[in-house]
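Chain nomenclature is as follows: A, B and C, assigned in order of appearance, with residue numbering initiated at 1 for each chain independently.
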Amino acid sequence: MKKILLATALLSSTATVASAETGITFSGYGRFGLEYVEGRAQETQIASRMRININGKTETDSGVTFGGRLRLQSTDGGAASTNAALFFAEYEGFRLEVGNANTAFDSAGLLYASEMGFQDSSAGDPQGSFFAYNSTGGVAPGVGIFASYSVGDFTGRISYATPDQTTAAAVNEEISLSVDYASGPFSVSLAAYQDGAGIANNDGFFVGAAYAINDQANVGLNYIDEDSAPGKVITLYGNYTFGATTVRAYVADMDAAGADTAFGLGADYDLGGARLSGSIQSDYAGDMNADLGVRFDF
Amino acid sequence: MKKILLATALLSSTATVASAETGITFSGYGRFGLEYVEGRAQETQIASRMRININGKTETDSGVTFGGRLRLQSTDGGAASTNAALFFAEYEGFRLEVGNANTAFDSAGLLYASEMGFQDSSAGDPQGSFFAYNSTGGVAPGVGIFASYSVGDFTGRISYATPDQTTAAAVNEEISLSVDYASGPFSVSLAAYQDGAGIANNDGFFVGAAYAINDQANVGLNYIDEDSAPGKVITLYGNYTFGATTVRAYVADMDAAGADTAFGLGADYDLGGARLSGSIQSDYAGDMNADLGVRFDF
Amino acid sequence: MKKILLATALLSSTATVASAETGITFSGYGRFGLEYVEGRAQETQIASRMRININGKTETDSGVTFGGRLRLQSTDGGAASTNAALFFAEYEGFRLEVGNANTAFDSAGLLYASEMGFQDSSAGDPQGSFFAYNSTGGVAPGVGIFASYSVGDFTGRISYATPDQTTAAAVNEEISLSVDYASGPFSVSLAAYQDGAGIANNDGFFVGAAYAINDQANVGLNYIDEDSAPGKVITLYGNYTFGATTVRAYVADMDAAGADTAFGLGADYDLGGARLSGSIQSDYAGDMNADLGVRFDF
């Protein structure tokens, strides 16, 4: 199972709006390369995505920043989609989002830390259903609210998302929380959701910890328990950088009958402004997938 | 009834293209807040809109500016829509628009002057059917032409819009006119349309006058007579500014059997770059609606 | 017949991404005017288009530029469409494109050289079916790859496009090639495609030559032989510039039973930043069409 957005979404799609001066600014990325997925009709295909964020913001006299974001995104040759607006207000370390908002669970700092390849994927990603910022469509008639507070190495988040705010009948609303904290080489991230994706009794919990061995090497351990996933997932991952190259690896175990141990090996090569990335991964069904391509931000 | 665009539209959606240098420029706004509408299933909902205008223009050696505009807009959690292009040529006080053009009636200076709240709404707005610039879709196979001329405090406008230019059969075409004039503290606005929204014998007339009592206070009176509205509407409105706060009020009377007197009370608080706005309004059916939110331009 | 894109497309839609610094840049054009087409229900209509290109790119430390392009386009009053992303890598004279890529045939330097009017049309354009960059939609599940190399006055191109990369079954893939070369006042362009638009045994060939008589006058001859066109086409064209005015003419002969000789007469008037262009053309069926309007780039 995949996480379900207010509409539909993509893994690691957490949207953060970079600080910039008043006005309209643009950001985004492009990526393209080869993707191999064992067992599909045409196993090797060209995969690609281009994402353009349109950010509008203004800062009031008292220092509060109000802003909004729209996204245009074309994936794998599809005509670019638009999404619903995310609105935010920021003041010092505090941030409030409304509309197509991020969710606290999806924003947890280490949740997607085992991802690799030019498409940033991992079997260690959450497998259950929960709301997240929607990159490719609307959230209507749903709506989300998100608040975060950062001070020093601490960030706390809380979010609320309803799949339908137009009905007076009771609908299940998702509440989620997350906390990130770092102290020297250690970082830790905790997150939980209740009634994920608006599904009754679909709760999820995540705890992750990472340790920077030195400037070059990092290891981490993630634990995810979701009612809507086939089983609990424990992921051990690490990366090591030498020169322009970073190698990545993970092993993920899912506590479900018949599930194979998933693993991945990947490497990034820093081109200075872009990266060449590839990975070979094996999923819980024992199927292989691999990717090799270029990712560049602009 | 609402006014009908060449496709569909939103009140007070008149689009004006700001003067800027040659090239592509962007403008827009965001707004979000709470909206209460008496009698709907979930009476209080979060309402929002983000609008991005994409403006392309070039100035010729002889001083004529040619340009175009496209709009991306996301409302209430819907994926952002695109609209049809508006093309224009400007020379000194003269402006010509083609395509998804504004209409003279919809552009009348005082027509929407009684609006309030972060969503800029009023029961004193026109209630009939007429064409206007379409913020959220196409006008095909229709088309509009609009011309305006401004000199000093005078602006005159004329527009023509056909709902279907691809058929040789006679279709009803809307013609509209408007004139704005100001002299010292007085301003006056007149507008009329014939076969509004392409509907035979659907004519409308508007006259409005406003008076600036001093730097802080304004009052105005609007009269709208439309064949496609339930009755003639007279609206008295005013606003008063003290410091960062502007209070607004209107009373609107519709000459239709059983119509209640509509009224509204609103306030804006200038945040310097954004405004906090709220209103409480009662419509012709006696139903209350209210809004409170933030509006910021960028 | 028209050329068929991976989805659908427009003549002379070849997309080239201008060199610029790292980041996101915008380009595009607007055009509007009158279009007369003999025999349709309403023969004279207002025609228009606004095109916005969104270009994102980054240059690596080693001098390779990676980039992508999305397009927003509104034609004749339709809501603006989005298209699929074109990705590219450039290094010195070499360029690689992936995704919604250009094709070698469609990019041949002189292929559309007989076009005229504010809508840039000509009966001398190719009449067969082949893939091209898609301005207005996706290419999914198809994909294209394009490579070009330029040195001095020479440019060579090769492209591959498959209409469906998700099936393991054999589908016909289009391969195309083109070469442009110039020497003093002479330029020549050759192009060919195999299985154009993915249609088996649909091959096409083009050769064109142009000669600049002096700074003011150019003449050219195009020959196009396409299996999916009603017949071979030979087009003789020329233009002459005096002051701000350029006059254009062509005669096109199609080797098909009952085909009339097509011809066109056009003129551009340079407004300095925009052009006023008009043409009168007669097609292979002997029907007249004409256009008069403004085109401005931004």
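Remarks
Please note the rule applied: a contact is a pair of C-beta atoms (placed from the backbone, for glycine too) under 8 Å apart; a residue touches a chain by one contact, two chains touch by 3 or more.
In UniProt terms, the chains line up like this: A, B, C = Porin.
None of the values given here were measured: they were computed from a predicted structure.
At the interface between chain A and chain C, under half of the residue numbers involved are used by both copies, so each side presents largely different positions. Taking only C-alpha atoms, you rotate chain B by 120 degrees to land it on chain C; that is to the nearest 5. Spacing of chain A relative to chain C, judged by their CA centroids, is 40 angstrom. Residues of chain A in contact with two or more other chains: 81-82.
Partner chain B is touched in their complex by these residues of chain C: 26-30, 32, 40-43, 45-46, 48-50, 52, 72, 74, 76-82, 271-274, 294, 296-298.
Considering their complex, residues 6-7, 22-24, 54, 56-62, 64, 66-70, 81-85, 87, 89, 98-100, 136-143, 145, 165-169 of chain C touch chain A.
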